[in-house]
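Starting off with a structure, shown below.
Order of writing sets the chain letters: A, B, C and D. Residues in each chain are counted from 1.
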Amino acid sequence: MPGALVTRISREELAARIAADIPEGAYVNLGIGAPTLVANYLLADLEIILHTENGLLGMGPAPDAGLIDPDLINAGKQPVTALAGAAYFHHADSFGMMRGGHLDICVLGAFQVSATGDLANWSTGAPGAIPAVGGAMDLAIGAKDVFVMTDLLTKSGESKLVAECVYPLTGVGCVSRVYTDRAVFDVTGDGFRVRELFGGTTIDQLEQLIRLDLRNKD
Amino acid sequence: MIDKTLPSTAAAVAGIEDGSTVMIGGFGRAGQPVELIDALIEQGAGDLTIVSNNAGNGDTGLAALLAKGRVRRMICSFPRQHDSWVFDGLYRAGEIELEIVPQGNLAERIRAAGAGIGAFFSPTGVGTELAGGKEERTIDGRRYVLEYPIRADIALISAYRGDRWGNLVYRETARNFGPIMAAAASTTVVQVDEVVELGALDPEAVVTPGIFVNRVVPVGSRPWVQGGAFVGGVDIEGRSCQVRS
Amino acid sequence: MPGALVTRISREELAARIAADIPEGAYVNLGIGAPTLVANYLLADLEIILHTENGLLGMGPAPDAGLIDPDLINAGKQPVTALAGAAYFHHADSFGMMRGGHLDICVLGAFQVSATGDLANWSTGAPGAIPAVGGAMDLAIGAKDVFVMTDLLTKSGESKLVAECVYPLTGVGCVSRVYTDRAVFDVTGDGFRVRELFGGTTIDQLEQLIRLDLRNKD
Amino acid sequence: MIDKTLPSTAAAVAGIEDGSTVMIGGFGRAGQPVELIDALIEQGAGDLTIVSNNAGNGDTGLAALLAKGRVRRMICSFPRQHDSWVFDGLYRAGEIELEIVPQGNLAERIRAAGAGIGAFFSPTGVGTELAGGKEERTIDGRRYVLEYPIRADIALISAYRGDRWGNLVYRETARNFGPIMAAAASTTVVQVDEVVELGALDPEAVVTPGIFVNRVVPVGSRPWVQGGAFVGGVDIEGRSCQVRS
């Protein structure tokens, strides 16, 4: 497995790397799961406004242990807090905010991302699985920039960056950038392009791992 | 005098018929009208279609209604949760129908019902299997699918405070689906922590005007909110927590 | 002019007559112009909730002279007050209330009403007139019951109840009842039917005035 | 630190280009952002398309902008008022284009732009000349016409109080088109009576969250509202009135 030799960064390092790309003043939705980690690495002296689709802008960190308010939760149904400057709203307004293109960035996990920016992250299509989509499809098409946060390879070593998604789609042509443990990729009109390499990773190695061209052909 | 308040949750859910479509507010446990659902279980209506974001948590509230076999069909965005074992069992046994709707389309379809919109073109879900069979159209270079309103016979929702005209305010993210479901049902039934005097709610801050509300029943403060103040909550495992100083 | 001999009631009496048909608890929008008079005749001990489409439920009477708040106006842009129990909302919510069928009654003026309930009240179609529709079309299709308040005849003696409207339509098949100075008419699947006659008016006289059948043919 | 406040109305309207589509809030005079319109007149942009419910009153605000010949086209529901002589004159002289939209369709089309809806079927206007040439469809036995979003480059609105994140509250029926226009424009500019500290606005009562707002400029209290209290107004003829005791 060629990937085993390549330098990778940890999930926490990756969260910090994504956080570094989020400018002050951005309106940001962090998806359920690993993307939630990004919040821990936003610079404390920058004002970045977090949106949670269940009806809050200006979401703050988790409350101290023992100070949980069950009416105040995030989209993952975990207890959160609200910052000074927060606002509550109902679900139609909240998803209008997304669908209307008002969020600057959302960060989502992925099963697969295609070279044209298609995202698959809600269902593996496994028979017998109970389908559940939540806000994934709305987030995918809603934010100005959709960042994906994922390992480059699955546990069995298959690339999550693919020519075409095999898993059921969440959104078509919606991903702008993919942050992985080995490199950051931009989704361009001409497929994936490497934006940044982590550790000793080379573009040749990445091309071997994902079996897609990462360079212009001219 | 208009007085939409009722003395009991039993009175509030009276008359719900077998085969009804019932919207149930809440996102997870926040805003879930547990006392009204308990009353609905007691009331006995069955063969229900339930519209709710999730499909119940643990063994209480919506999960308890499901466990009684009263629900024929669920329309929701996210039935599968860490504590949705009741729904999971019914679904795997083929004992319940499921329509999965992306959360924003669910919200907008409910909103459309209340606002008299016949159908709308949504960009959400385009090109996915959840748009399968739906009319698609490209407008100004963007692809959309046509989505239809979701109406209900009854909405059961939870609010924080209400008055006898049915004006409502909510609390934090427990607002979620309440305002749009209130407008989308023929009969809207609301449980509130507290009924306040007419005029006590700031007209600038009323979230659901009484025109959308038919019945209001006070169920007392939740354990974590008393007299309008947060006095400590429970975490997702149900352990009780301290008051914030 | 046969109509000249028939008993009529005054505009104020007509407003009182309409008010008497509005039950406690009704949500009601009173259109600009004569319908606004109806508010003066609603029984003071009944709670009837008035909607004004510029964003208020629970509208109260005009303020005392000298106590005008320019931020608090009705759809006719006249100063009003707000009752205890009022609520403010924005225009999309306000017109959603109408369009969604949540108002019980609206009362509108008319140029013409057709036997199938079509309403013409926004434009005479006169060349050179500046068109202005406001909320008329939304009100016409929005309320559960649309009551029209009008004189039966124009100043030149022509019937406002017609087989088919000549003036540009406001709404199709939307009127449920027409309150005139000579009679009250229900709009039925089979045309106008007299609900109530005022003074000495007879159905024969009305049929002569409006030149439409007012009786079942069987 | 996010700070959307600006020191002057001139700074607030800087950069508005010739040919822009500009939404202007207000219903009659209530909520009309007169100080921002004055700044826009001074700023000089022309060939504008204006989206606003009315077409100006008297000789101030929107009417003054029209009088300067800066507006090519009006999209509104009700241009003809007792004091709309400026618009009336331009229209009769053929010097301005007019698109009349039923008020609820105007509001919903603006709302659709902000909410990312591609188009929607509305029952308003069906069978009338204002639906002429529009796609019609019968859904569940009711006739609808297809209406498209109205977007703008700039929205100029008036609110009561705002904070440096752009959160807004309004006052009474001056709220009208503000919240939906704020969401429908690429750049939303708001004049407020007062800028308050972040956290001073109740998060349950914020009507326009700051995500929809780009620039906030305080213009001081209106004559009839000072420090949050009603202190007397002017009637429609402009005569000053007493404070309510």
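Criterion: contacts are C-beta pairs under 8 Å (C-beta built on N, C-alpha and C of every residue); 3 or more make two chains touch, one makes a residue touch a chain.
Nothing here was measured: the structure is a model prediction, and the numbers come from that model.
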Result of counting contacting C-beta pairs for C-D and A-D, higher pair: C-D
Find the geometric centre of each of chain A and chain D from their Cα atoms only, then give the gap between the two centres in Å, rounded to an integer. 36
Centre distance in Å when chain B and chain D are each reduced to the mean of their C-alpha atoms: 33
Note: chain D sits from chain C at a C-alpha centroid distance in Å of 29
Inter-chain centre distance, chain A versus chain C - centres from mean C-alpha coordinates, in Å: 55
Multi-chain contact residues (two or more partners), chain C: 82, 88-89, 92, 96, 98-99, 142
On chain D, where are the residues touching two or more other chains? 108, 111, 115-117, 122-123, 170-172, 204, 207
Specify the contact topology among the chains shown, as one of line, ring, star, complete or other. other
Chains that touch, pairwise: A-B, A-D, B-C, B-D, C-D
Which chain D residues qualify as touching chain B in the complex? 108, 112, 115-123, 137, 139-140, 142, 144, 148, 169-172, 202, 204-205, 207
Can you list the chain B residues touching chain C in their complex? 1-2, 111, 113-117, 163, 165, 167, 183, 198-199, 201, 203-204, 206, 209-212
Chain C to chain D touching residues, read off their complex: 52-56, 63, 65-73, 77-79, 82, 88-92, 94-96, 98-99, 118, 128, 130-138, 141-142, 168-172
Can you tell me which positions in chain D touch chain C when the two form their complex? 27-31, 53, 77-81, 87-88, 91-92, 98, 100-108, 110-111, 122-130, 143, 170-180, 207, 222, 224-225, 230, 232-236, 241-242, 244
The chain A residues in contact with chain D across the complex are 24-25, 27, 47, 49, 51, 57-58, 82, 84-89, 92, 95-103, 142
